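Mind looking over this structure? Questions follow.
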Amino acid sequence: MSGYPYPMLDPPSFVWTHTSSGTGDMKVHQWVKTAAGTVPDWSDYDVTIIGVPLSKSSISSSSASENPDAMRRAWKAFYTYNIDEDIDLQEMKAIDLGNVKQHVTDIAWTHERIQEAMAVMRIHHPHTLPVILGGDHSITAMLVKGYKQVHTHETVGILQFDSHFDVRDPEELGKANGTPIRVLIDSGTVKGAHVYNIGVHGFFNGKTLKDYADKHAIHYMTMKQARQRGISNVTRRVLLQLCQHVDAVYVTIDMDVLDITHHPAAPASAPGGMYSEELFEAAAIAGACAKVKAVDIVCSDPRKDVAEISVKTSVQTMLSFLTGYTKRLQKQGRLRM
Amino acid sequence: MSGYPYPMLDPPSFVWTHTSSGTGDMKVHQWVKTAAGTVPDWSDYDVTIIGVPLSKSSISSSSASENPDAMRRAWKAFYTYNIDEDIDLQEMKAIDLGNVKQHVTDIAWTHERIQEAMAVMRIHHPHTLPVILGGDHSITAMLVKGYKQVHTHETVGILQFDSHFDVRDPEELGKANGTPIRVLIDSGTVKGAHVYNIGVHGFFNGKTLKDYADKHAIHYMTMKQARQRGISNVTRRVLLQLCQHVDAVYVTIDMDVLDITHHPAAPASAPGGMYSEELFEAAAIAGACAKVKAVDIVCSDPRKDVAEISVKTSVQTMLSFLTGYTKRLQKQGRLRM
Amino acid sequence: MSGYPYPMLDPPSFVWTHTSSGTGDMKVHQWVKTAAGTVPDWSDYDVTIIGVPLSKSSISSSSASENPDAMRRAWKAFYTYNIDEDIDLQEMKAIDLGNVKQHVTDIAWTHERIQEAMAVMRIHHPHTLPVILGGDHSITAMLVKGYKQVHTHETVGILQFDSHFDVRDPEELGKANGTPIRVLIDSGTVKGAHVYNIGVHGFFNGKTLKDYADKHAIHYMTMKQARQRGISNVTRRVLLQLCQHVDAVYVTIDMDVLDITHHPAAPASAPGGMYSEELFEAAAIAGACAKVKAVDIVCSDPRKDVAEISVKTSVQTMLSFLTGYTKRLQKQGRLRM
Amino acid sequence: MSGYPYPMLDPPSFVWTHTSSGTGDMKVHQWVKTAAGTVPDWSDYDVTIIGVPLSKSSISSSSASENPDAMRRAWKAFYTYNIDEDIDLQEMKAIDLGNVKQHVTDIAWTHERIQEAMAVMRIHHPHTLPVILGGDHSITAMLVKGYKQVHTHETVGILQFDSHFDVRDPEELGKANGTPIRVLIDSGTVKGAHVYNIGVHGFFNGKTLKDYADKHAIHYMTMKQARQRGISNVTRRVLLQLCQHVDAVYVTIDMDVLDITHHPAAPASAPGGMYSEELFEAAAIAGACAKVKAVDIVCSDPRKDVAEISVKTSVQTMLSFLTGYTKRLQKQGRLRM
Amino acid sequence: MSGYPYPMLDPPSFVWTHTSSGTGDMKVHQWVKTAAGTVPDWSDYDVTIIGVPLSKSSISSSSASENPDAMRRAWKAFYTYNIDEDIDLQEMKAIDLGNVKQHVTDIAWTHERIQEAMAVMRIHHPHTLPVILGGDHSITAMLVKGYKQVHTHETVGILQFDSHFDVRDPEELGKANGTPIRVLIDSGTVKGAHVYNIGVHGFFNGKTLKDYADKHAIHYMTMKQARQRGISNVTRRVLLQLCQHVDAVYVTIDMDVLDITHHPAAPASAPGGMYSEELFEAAAIAGACAKVKAVDIVCSDPRKDVAEISVKTSVQTMLSFLTGYTKRLQKQGRLRM
Amino acid sequence: MSGYPYPMLDPPSFVWTHTSSGTGDMKVHQWVKTAAGTVPDWSDYDVTIIGVPLSKSSISSSSASENPDAMRRAWKAFYTYNIDEDIDLQEMKAIDLGNVKQHVTDIAWTHERIQEAMAVMRIHHPHTLPVILGGDHSITAMLVKGYKQVHTHETVGILQFDSHFDVRDPEELGKANGTPIRVLIDSGTVKGAHVYNIGVHGFFNGKTLKDYADKHAIHYMTMKQARQRGISNVTRRVLLQLCQHVDAVYVTIDMDVLDITHHPAAPASAPGGMYSEELFEAAAIAGACAKVKAVDIVCSDPRKDVAEISVKTSVQTMLSFLTGYTKRLQKQGRLRM
């Protein structure tokens, strides 16, 4: 591969100098390579990471734009080895391509760059799984559109962990963090019946949003229902159903699906949500599913965090997803190590 | 109804200007009407809310006096629609009557006003269910007395969620937040055998208090026992038992019943307590019970809160109770909408 | 005056219910009337307050959008009486017209509404002095343009308290919080020689910004210089000079001019800045100057505040300015009380 | 002296085990002896310390009741040696008599105990200087009354450092923290003309309070005036004037006289106040004045503190006062070491 | 017993003055006697408490050195009576012997004192159960060595609650908080097969550490496995197995085994951990086991705490362990009351 | 220069990817080059920066070890251009050599590496001025010894900004943060008469430490004295005196010299200290003095910081020193640009 194909990306603002010894234990920041304006000449990667530091598109004030770098700093505390599953992420190769460029005052411009970044990544790194670090939930609409732009013939379904439907009206709000699912449905990018939401609960969705969801045949299971059946069981069953109808599944994890005690840092963090160990299980199941092609983690605002609970949980959500993905590659015989 | 019958009440210090559109989604602050010195000429309400900003009566320093306004500010983040139960609180009508007047240095004076407020509310709004936002637990004794003052012939029972018995000696402390149950029993207002406590646990009650509870036949179930049987099951059974012996049930929720992770803001918050989703379930069950006639939420000190966990949990506790109450009214065919 | 002339304004999200007794002591929240969709039929006001909850236009993430309501809550702790000057603001009449409407994702739309709000206010309340509660510094460009739109023949000068020049390039950033002075100069709205900056200091301006300032003859005095001469003396002299060349002076106070100990809540708060008592003096002097026609207070982000230091200081800055304005009106014989 | 003459006092809740070596450097917690239910058989002390953990009498919610123990914990970080003045407090003897007993719900009862404590202390420790650690400002009225109860023929004057007059109406509030000076004047305990207030400023006193102050000939100097003349100079002059007319001066330091940056922990902390080094100087001057017979430090709420700024400042205020007192005793030849 | 046998101990820095009435309810700080340089002449105690304020030996910066005093202050909020188990700790006698002396810059010196303290305590208080309040995990190696130094012929096993193996290489780190189990195994003090770890999980152990654990036959159960079987069940079974092979069991509780929501204050606090009520159960089971001879609680850094969640949980962990111990003594007929 | 001469250094844990454009404005993190295991082939640098992440040697628990990286992150907010002085640091070249390697448990080993690092730096970069980012004050003794090891014939004097003498006894504490000046005097490295301390104040030094200072002829000026004369004036005079007697001046800035409001993050932060603008002036004066050969900034613990006040102040202290150094080089004609 010649040249740097990502003009719409900035490198992460910093790179770790800690180098791995090549053998033995490794922390995540040593494992994830950083592409600072150039992509090392490897045959390919298994995982590409992109940060999307946009949260000006949030309905209530949010600094989720600071999340990508916050996660990069936080994953320095994690090893690549998952003792619960006896899986070492080092079996895969991962590269951090940096952050989508941001315009200070033109949100639409930034949204175009996000779509573009996903599209170019699908072209240049077709065999990798993109992990996107948000930013707020508005980015999901652009990312899925970017995916569809390249994979025009694939039917895309969405597995959404969220305490909201996110089907508010873009006519009123623009492409804001409350609208991505509706943007995708109304634009015909994704069918309502191909959206599965796990985790809506409590008093955080107006009735009209439920009516929209019902009208468009969005599948959803409330937290209460999901917990009674087991989050893991529900996630497995949802993926099974979804995979029967779509070619590719995009997983979007709005961290406000978590209980406020387990993730205080979302603008809409609330009691009555999912617990982190439940989300870790679900993320691992999603990562292992062959049709899952991309994942984003959104709406975590580091400035609202308490004792780093939220950012550590966001990182472990990503690593749990990647544990599942490692299992998938093992099963597919795709790991080269 | 002519004139304002509540001279012992101040309006809430602020009112929201956001008006509902009349149709469609509504946030709680748009749904709850505010009576600022006048009561709108509706036939009647289903719910009356009163704040009691008193916490000078607390044994350890508390600013639970700031909780009523903190809850009013926090409920702006909640819709009236409960997706877990598919219930919309808008089916009912609610009015916020404001706060009981406070004397800066004369706690006894304030206690009298609290009793008076409950009594007058029972006379002027006999068909509504009062929701009282404390304040500390000392107010429960006054509120139950106010209720009995009007409903002199009713036998009143108490369903108490609390990590304490609250039967310390008023001879020593006065009518403090550690004494309300004893004040009620010793004054003959409520029989010990009509008090059911769910949630005592750990090392937060002296042995002599248990002895008092045993001597007066107070029913209690420790958190450990309650969790083994399921908080919901226990709550249902307790209400069943209680309703066989009393005419009216007063529900008092001391927020320190919750685990410190789920409610850090009580003066006595401690580990080993109830989880918020357990309390929400229990509150909904209580709200649905036909003999439940009033509820208070006490001992939440906003200044000790972390990331708004406690105040959001207090609000959702109230809304969960009201979800149950909506179901009750539906069942009773009392809803006018 | 018939009808509500401000379609681009929302009322403040809440109004205080505390009413003044008409005589005697009054807190600021009792003194400032609130126009919730209607303007009371008084002959006129002396002061109009507008909130501009916009900070999406900030270069670094900011929640200054929450400042207008934060100031409204905080001024409840202040009396109208200034004992240092023996001036009671009650001699004047003030009205809070609410907040400029915001678009969630279209910053340019919001900027237009801001300009419009100032223009309409100059037409409908020509005798009043507008006090604008930001929001970030991008709004100043729109507000001055709105002023000029009405007062087309006036030469407008700017008295700026700021640790930055705010002359970064709008070509690159759009109309962001680092660009307002340049937007005004480049558009010909204000001449560089009519801009006086007090408070630039330290390492917070690149050299090229100083070069721009020099090239456009912007007057500035560093904090070090200003303190040696006395902030009050400097402010008086600057106004004297400015008033010889312009018809109207717009005062803009970027709260980051303050030392980080006195105002931790600006995105760019830094050590080495002005002290609050110095700013209060300067603000009072500006308020008393006959040609000063408007003032804004910007770049205070309540989420970054510590112990309410910043928001209380913002309020007292406003009240100090109004103390000067009261003196001006006294001197002009314009007070009706 | 036989027996423990202070039935209205509890010992401090803890005592330090660190013992001084008898010679050499000493921390304050080693220097201050603790009387835990018994008074060591020394001939006499120079300083008696009493805590008054009462803040239920505060207008706005306050935990200043926790200040006495907070100061005791904080003074462990201070040596007895003041290098600025080359004075070692070890030249004097100090004893901590503990805290005035508190009733949980009967503020009047507690107020009586406070008065009693001062009276008994004057009888049993007539040669010592009492240092009282508040608590809120309501206690000053009781303490001065207790002093007068014993020293019936002395004319008592008050030197008050405060941002408020504290002359609100006890008819309305009871003996609250906003009323002590008025309680003393209205009861004839102290003449208005014998009250000197340094530090009133800003927008924190209603005009009617100033009118009361003027009517009763209270002397006051605003912060602005005081700073222009120098706080030290003003304090010296005030004491000179006061000592010409009274037999004894009671010094009361409301910590809200300090700028909010130097003492964020008062309920009414505000910008524009005194700086800590100015207060330290003033306190030392007061301590050195022969007619000063007692001092209290009030309205510091440890729960509102930031980085221990407030409590350390409270301790150093006390130690600065005692530095002055040591000088006084040196001059009077009263030191025994 | 004559003289004070603990020259390597300092008394706790403070002692509570609150004395118990001898009968009735008691708080923990009233129940635990304090030995300030002398040991009261009782026949014997059941529990000895020692603080080890060492955390300079931590890999990442830690103030766990402040934990012993933090726990002493926090247990003032706990009664001795455990209502869940209807057990009153007052049936036993406990003494706080103080803290192991610390060298400011010589960690090896301090480690020797820790070993010495345990050894001397086993000699002078052979019938008591030592409870050690860390400090960081490095102290466990020294404490077990001190135990073995006296009980040379006992085989010692370890029950470890931890999210880490703590078998990093002391060649590289010295006796740090990541190495204690390996120090004990490599020195032959404890066999790998006699170490049982409950709670390793997530991404917090490198693969080579697991390899070390496997090579030395350390038993471990991940959090996920343990939770599926029930933490209580697992603890019971582990103790059963362990007791078949060893003479004495040393219990070490690294508080980072807890989920970050339940204990934010460990340097390595992370999501996905144990919940406090699970740890309380496990601790009680361990306390009741006849072969358990000592327990430590380590790696809780009070400066990282949030709302006292961690320190209260640490105290309740200790009290839960002692509840089990009380049951053991009851069963053994060893209680004298 | 061939090879990397600093085996005792680690690179900083991260490097910024932001590259300067070569012309125009630059932030400090773009200006400071980073040597990650290799030193770029330039003729020479003007400034070498070294981090010393050691604070295990602190008497009270400190995380000043985290300060070097905290300062590196914070200086990203500062431009190289100082508008107060119209000086651009870009005129000089600076390189960040990284951090001195640390042993987890062997403080003496680390101290040797610190001395070694300074010695090697003086040999390999003889023309540069070293700026050392502490760490605690113990490092100053090692750094001065490292300097003397190379420059054996130079007489070294010390200009110390500190609220303490730092002459506690190393016999008792080892080479701790309270002892560096005494370590240097007792070892004959520096004469007491060549030590000038500005800023001792308050109650933070025992009398015996003053006696030691007097006995060894250490010069000191209390904060009160220094402020009366002007910190700048005093600094100038001290340097004048010192330069008459020594060949080289080592400047050590203990950040606890600052008032607690201006630097809350030192373990010993206290009221009554220096203000940041005073320290900035003094640092600039020191940087400009021809005989000043090195500077360290110590005892700033980022975990105790509030709103980044302390770390921003530490950075600006360094930049102010370098502003003076730039002036020195301009005057000496040594700048190559």
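Order as written gives the chain letters A, B, C, D, E and F; numbering starts at 1 within each chain.
The rule we apply is simple: a residue touches a chain if its C-beta (ideal position, glycine included) is under 8 Å from a C-beta of that chain, and two chains touch if they have at least 3 such contacts.
Everything quoted here is computed from the prediction, not taken from an experiment.
Steps from subunit A to subunit E, minimised over paths through touching chains, total 1.
When you average the Cα atoms of each chain and compare centres, the chain farthest from subunit F turns out to be B. Interface comparison, D-E versus A-C: the higher number of contacting C-beta pairs is recorded for A-C. With centres set at the average Cα position, the gap from subunit A to subunit F is 44 Å. One inter-chain figure worth recording: subunit B and subunit F are separated by 59 Å, centre to centre, where each centre is the mean of the chain's CA atoms. For the pair subunit C and subunit F, the distance between mean C-alpha positions equals 41 Å.
Annotation for subunit E: residues touching 2 or more other chains are 261, 306.
Taken pairwise by the contact criterion, the protein chains fit none of the simple patterns, being neither a path, a ring, a star nor fully connected.
You'll find the chains touch as A-B, A-C, A-E, A-F, B-C, B-D, B-E, C-D, C-F, D-E, D-F, E-F. The part of subunit F that touches subunit D in the complex is made up of residues 200-210, 222-225, 259-261, 264-265, 268-272, 304, 306. Considering their complex, residues 55-59, 61, 63, 65-66, 103-108, 138, 173-176, 303 of subunit B touch subunit D. Subunit B makes touch with subunit A in their complex at residues 24-26, 28, 77-84, 86, 88, 261-262, 276-277, 280, 306-309, 312-313, 316, 319.
Only residues 11-18, 36, 76 of subunit F touch subunit A when the two sit together in their complex.
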